[in-house]
Amino acid sequence: MCGISGIYGHPNASELTYLGLYSLQHRGQESAGLVSSDNKKLYSHKGMGLVSSVFNHQSLIALKGKAAIGHVRYSTTGSSLLKNAQPFLANSPYGEIAIAHNGNLVNSKELRDTLQKKGSIFQTTADSEIIIHLMAHSTKKSLSDRLTEALLQIKGAYCLLLITRKKMIAVRDPNGFRPLCLGKLNNSLVVASESCALDIIQAEYIREIEPGEILIIDENGTSSIKPFPKTKPSLCIFEFVYFARPDSKIFGESVYLTRKRLGGKLYRESPVKSDLVIPIPDSGNYAALGFAQKSGINFEYGMIRNHYIGRTFIQPRQEIRNLDVKIKLNPVKELLKGKRITVVEDSIVRGTTARSRIQSLRRAGAKKIDMKVSCPPHRFPCFYGIDFSSKGELIASSHSLEEIRKFIGLNSLSYLSLEGMLAAMPLPKKNFCTACFNGNYPIPVPKKTGKHILEK
Amino acid sequence: MCGISGIYGHPNASELTYLGLYSLQHRGQESAGLVSSDNKKLYSHKGMGLVSSVFNHQSLIALKGKAAIGHVRYSTTGSSLLKNAQPFLANSPYGEIAIAHNGNLVNSKELRDTLQKKGSIFQTTADSEIIIHLMAHSTKKSLSDRLTEALLQIKGAYCLLLITRKKMIAVRDPNGFRPLCLGKLNNSLVVASESCALDIIQAEYIREIEPGEILIIDENGTSSIKPFPKTKPSLCIFEFVYFARPDSKIFGESVYLTRKRLGGKLYRESPVKSDLVIPIPDSGNYAALGFAQKSGINFEYGMIRNHYIGRTFIQPRQEIRNLDVKIKLNPVKELLKGKRITVVEDSIVRGTTARSRIQSLRRAGAKKIDMKVSCPPHRFPCFYGIDFSSKGELIASSHSLEEIRKFIGLNSLSYLSLEGMLAAMPLPKKNFCTACFNGNYPIPVPKKTGKHILEK
Amino acid sequence: MCGISGIYGHPNASELTYLGLYSLQHRGQESAGLVSSDNKKLYSHKGMGLVSSVFNHQSLIALKGKAAIGHVRYSTTGSSLLKNAQPFLANSPYGEIAIAHNGNLVNSKELRDTLQKKGSIFQTTADSEIIIHLMAHSTKKSLSDRLTEALLQIKGAYCLLLITRKKMIAVRDPNGFRPLCLGKLNNSLVVASESCALDIIQAEYIREIEPGEILIIDENGTSSIKPFPKTKPSLCIFEFVYFARPDSKIFGESVYLTRKRLGGKLYRESPVKSDLVIPIPDSGNYAALGFAQKSGINFEYGMIRNHYIGRTFIQPRQEIRNLDVKIKLNPVKELLKGKRITVVEDSIVRGTTARSRIQSLRRAGAKKIDMKVSCPPHRFPCFYGIDFSSKGELIASSHSLEEIRKFIGLNSLSYLSLEGMLAAMPLPKKNFCTACFNGNYPIPVPKKTGKHILEK
Amino acid sequence: MCGISGIYGHPNASELTYLGLYSLQHRGQESAGLVSSDNKKLYSHKGMGLVSSVFNHQSLIALKGKAAIGHVRYSTTGSSLLKNAQPFLANSPYGEIAIAHNGNLVNSKELRDTLQKKGSIFQTTADSEIIIHLMAHSTKKSLSDRLTEALLQIKGAYCLLLITRKKMIAVRDPNGFRPLCLGKLNNSLVVASESCALDIIQAEYIREIEPGEILIIDENGTSSIKPFPKTKPSLCIFEFVYFARPDSKIFGESVYLTRKRLGGKLYRESPVKSDLVIPIPDSGNYAALGFAQKSGINFEYGMIRNHYIGRTFIQPRQEIRNLDVKIKLNPVKELLKGKRITVVEDSIVRGTTARSRIQSLRRAGAKKIDMKVSCPPHRFPCFYGIDFSSKGELIASSHSLEEIRKFIGLNSLSYLSLEGMLAAMPLPKKNFCTACFNGNYPIPVPKKTGKHILEK
């Protein structure tokens, strides 16, 4: 997954975009990058790692100008290398241009082959480079025409931010898989994957960039193009379930309230008798709260998170690991001892993490453990930008509910139904992509695709 | 404040102590250090910053041996320099010795003056160096006698861990201000400020080190000395209210359950009509939960914490700061808009942070905000190890309740009473030091003392 | 200036190439890079700074395979950025390819414009990227044919090393401006700018790569192509005078012996009476020795160099600088006091460094100072790879001999004549480019060219 | 070995002392440190590694005040750890004091034992800490009296610089083993191990600090005390032969001219027929020059040094090392081939480096190699500050001249005689310590001493 953020028309453009990226860090922790423009040239800084370690005062000051776009990346396609960090910047025949991409193209291999036959050479394995090449080969006169010509050739999920010396452009694919919103800060315009990136700089939320919209921002103001044929929307439902930040609005709606409704629905579908309800921190917090409020069972913090865990934490050696070191979460024994516990989680992918958490709760003295998952079982890979494991690695694609329950070590296990999940959504159910649950892919995908791994 | 941890008799002593320190990181983030022994000599590694950045594989491997003690520090006395990082290691007349100290001595100036007159030179401004000098000047034959002679000269709060080539020694002062507990991991003995440091390595909790106890651990096992005159205990009540980790047991009792009781008591003392109860994350979480459960008002996560905030985060420039950047906490607007909210916090020191949080909630649309604090107002400085501001900087020492309410911008403000707080404790009220609330100092303090600052 | 080095067919290819680059460090200190091949894919590592700081054990181990090429860079064209570090690596339509370039093209602007019109996008401002683009646009079937087609379009000075999964290719331009030699280490073939890069790994010198030669090395052995029309050679005479290492053989001949002959010739042309001859360390050492031996005047080390000067040395603040800090060279007062001194230098560019050295010698007590320069005055910029200052910055392009003498503060100043310099060469005089001395450019250069600065 | 430098009364004290240390880097590369005073308190910064990497702008700015002392260290006693880096700073009963020491005490063990019995604890294994402890135990009233009392108890070689809030003090032991000179820069006084540290800041040389002199510098000017009984001087002759910089004056005399005389004397004692004379760079340069001038044989640079070798250079793996990589020195083949060569070196310790150099010259084609060493064979360890190998590791202490010649692989080998070396000195021969050559130790040394290693 990835996150993008940009601003046009503010003297502190790079610093504000840095803050935006920082608030989108949950969407990608592998690399971060910024490209700014001062009307004369583009400035770029990228690095591997967290936003806070990639940038410092010096690098932000060097990113001059009143417009900037940024990107945080968790690789979907393209291996984990600095050169694949975005935004991708190039000298095109028409001047410098940079692009940041959230999503995944499904026809990148064909496009790449065709371009290479025309003499294009590639620097990266990222989708964004392909778009720049397509634009460079366009014979259209204007930037927007060249971009449109390029976009009409690509298929898949994409939210894009482009920057040139004079313009910033935001694009959302016709299906609208990923969220992208528009805000304003005084006279500047801000675009970001989620509204939390507006909040951090106190920008005001205006609206979503619409599916199929190309929004061009320059010194004359904004203009929208919608060059794509009408398409049924396919919003990623997993953004609501798991991916987005709870304090964000995505697709125009509150993530927090949606997650609480998922938890409430979950109780309705599979009620249980328990002494207390606890979340798996922190992703299960809001569904757990919804579950607790609907059921009347007390919500408790059953496991405490260590806030100081850092990237540089040394993994213990094997001998020590066998002690089952509780680096991240520690159960509260005095609370759990002898109790019947309902544990709420937002999703189960491989099941190994859940298993280790449940063992930890058992050792802390929990008498009975029922697990409730606030979405249906994941059975199919995502080709639109979420790094799910290939089908073989999703436990639910090859194991029955009972097998999963046993593997994790639970007294009972319940998933929310597809219908229940859709009913808890704040938008009509026809708007959503649910391919990872039922295999209904809104855009056909190539037979053979590379390795896809979900790292939660 | 500081945290200490040690282990005796385990082949991975330094790695396990590192994990212990890591779990005690909340007790001090300024510096961290480890000293180990392989029966032949002591090995030391210290540095400024978080445990995870001070140590790496190489430095842990270099800390050889089956015994180790460690320390995390937030300066009480002694300025913020590497040389003040602990454990303090020295070549004494009787061989190498290292010491780690949690607490604060009240007669350190007198002791230092006397020692210097005898020809001692000082390397640090830390209390722990004084104890080593006192031991070096003792003419007693055995290590435990020299230590006892030294301890009988010092006054104040101290939990100590000492290590020599052959022994590890744990000490708790006669008043027992700070917590210190004993655990075991197979055949090894573990000592730590809080039980969370046992949990992280799956060690089993045995008991508290008693006030006035000197516990000597060597290859022959353990032995206890209690050389001090009988003293009334003065356990630090603020460890329960704020300082310790919620998943820890301190002074033998659960912090989590105590904090929930404080919240429940708070509702009883000052009930309120609200649409929802929210904590100031994360320190107010447990009292808020207790308050919500007792009141029947829904508990909600009103503000979401950014988990990726790191030490290297760049503070925005002044121009940007004026935008009131919400780096750490972002309110959930859709939840708060138009609501009556009860905010629960564990304590107010200067009031500036609370003020900024409340402004943020107002901007998110909260209609009415009542604040409940789970302890009485802080009016007096602590001389036993907690870095409170000097009296002048504690808002409650110079402002009335009404003035504080106005400053923070609340509809109402209520503190828990001293009696209420004591009644919520899991131990008889005579056991506690409550000096920071009522000025009753169990050990007399010098008239003029240095600057004391509480940094939450 | 730049240096290149490569090896084919050795299990320690990257490590040996690293050593080669290390010995060529004098040819470029701005950035360094290596690309290796293990027959399946290419591996790259590049960085700003010295070879010894760009690479470490880990990065060398990651550069797998039995073939490698490397580059050290002092920018001629292309600004000082990591992206301009070489070798330049790209995914071409025919697979991965990397290129390292020593020299400078004179028609790069035209080529770049034409390629952009065809839809090529550029990542760097380096000449080497142009060559890869030209190859990508070729419709020829074989790698050597595509390379030949590209080379026939470029004009200027170039020694190239290319690497693909299966081949390593060395190229020297038809004029042969820059040196490039071939050696062997057991069954491996080594190519390098100077023979010192063979010596450091004990490889045996075989021969120069000839002007206009394309040498292809693969598992079947070597083959040569000479596709260019016959051209008069234009070897850079300044490589002998200043640039190459004294222990190298370039263009098939010894640099050390040539420099000594330049010094001898210098004495013959402008004899002088002195008490001692001293070089400006270290570049003037060998001409000074030749001068001393021919004249019978004692050679002495008049200034001692500080060997510990490092990149990270802090430049003193202005107040201190005014003390004329002698960071690099310190005169030996007891030797110089009251003496008549002949100072031998290899070249004067701006004259400011020479001036400061002479002032330092005066302060040390030298009574009379005559300076001898082992080449003629530099009056014209170089367009073939040496970063001379533009014409305006070369002191001899705008000042008379007498003016320069006065500026530097000498009793007398003599340059070697063009004829004298050519006579001291080990090859016939018609073989050399002397454009920087007399403006006779063997390949026509564009009217308007960018800034060219010589940083000695 | 170590180097010390200090200045009193200059607004840029720390920066100037930094430059002084930088010029003394040849005397110690293991650690560097500075302590400054602004009349109110002392400031300290120390680190492992070269001067240029230990300090940066920030650390120099933090070293406030108009007085500073500094130290570069190559460990003699005390192991290689940061805590042993000097100056050693402590809080004494009489205020802060710091000390920097060049030399080695022979009675440090006894002193340490005695002090520990009195209750002193030790932080380091450095001699300088002992001196501070002795001062702290003195009951005298004035700083100079306490220092004198301390100095009368220590035995061995020592040049000291001390700094307190108000004073800087320089001390040279009664035997005067190590050099220490005084200079001035306008109204500031500078003290340094060698005069090159005065030259770098353009300070004027005044005189040597005399053996047995204590020079006290404060705002009232300077005063000298000579509290020691009259002692015969024992200047270290190896400072002239090898250790000091050639451009320095030590013990009041020129190192450069002395080394040239050693080379001349060497030719007189052991003439030889050769085609050329070459030094082992760079230490043999000056004796080689003296040898060449006296013999009339041409001086040449037979081996060229790579100037870019840095601390971080990666040592090649074993497989590569067997190629006998010539990292540091490369012979000039075209010069050496078929020639009879005289190689001049300043000393031979273990013989292994010399052996490898000679093999390298043989491979380059030298026909006959005679080696001349500009001092007698080293047979005895030094206890006064030079890190010679213990007796067992000095090749000449266990091998005959003929055995050494064979081991190194020479046609002939000649050492300068003791009488010849003394005759080449600029001072009467009775003034020198020659213990490392003949075992005549001017101060008795303990029977059993630790490991002593000479690392050239």
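A, B, C and D label the chains in the order they appear, each numbered from 1.
Throughout what follows, a contact is a pair of C-beta atoms (placed from the backbone, for glycine too) under 8 Å apart; a residue touches a chain by one contact, two chains touch by 3 or more.
These figures come from a predicted structure and were not determined experimentally.
Asker: Which other chains touch chain A while also touching chain B?
Answerer: none
Asker: Compute the centre of every chain as the mean of its C-alpha atoms, then state which one is farthest from the centre of chain A.
Answerer: Chain centre farthest from chain A's centre: D.
Asker: Take the average of all CA coordinates in chain A, do the same for chain D, and state the distance between these two points in whole angstrom.
Answerer: 62
Asker: Go ahead and note the Å separation of the Cα centroids belonging to chain B and chain C.
Answerer: That gives a centre separation of 62 Å.
Asker: What whole-Å value do you get for the distance between chain B and chain D if each is reduced to the mean of its CA atoms?
Answerer: So the centre of chain B lies 50 Å away from the centre of chain D.
Asker: What residues in chain B touch two or more of the other chains?
Answerer: none
Asker: Mind listing each pair of touching chains for me?
Answerer: Final set of chain pairs in contact is A-B, A-C, B-D, C-D.
Asker: Looking at the complex, which residues from chain D come into contact with chain C?
Answerer: Touch list, chain D to chain C: 11-12, 15-16, 18-19, 22-23, 25-26, 29, 50-53, 55-57, 60, 185, 196, 199-202, 245-247, 249, 254, 256-257, 282, 285-286, 289, 293, 298-301, 303-304, 306-310, 312-314, 316-317, 319-320, 323-327, 330-335.
Asker: Enumerate the contact residues on chain D facing chain B in the complex.
Answerer: My answer: residues 90-93, 116-123, 125, 132-133, 136-137.
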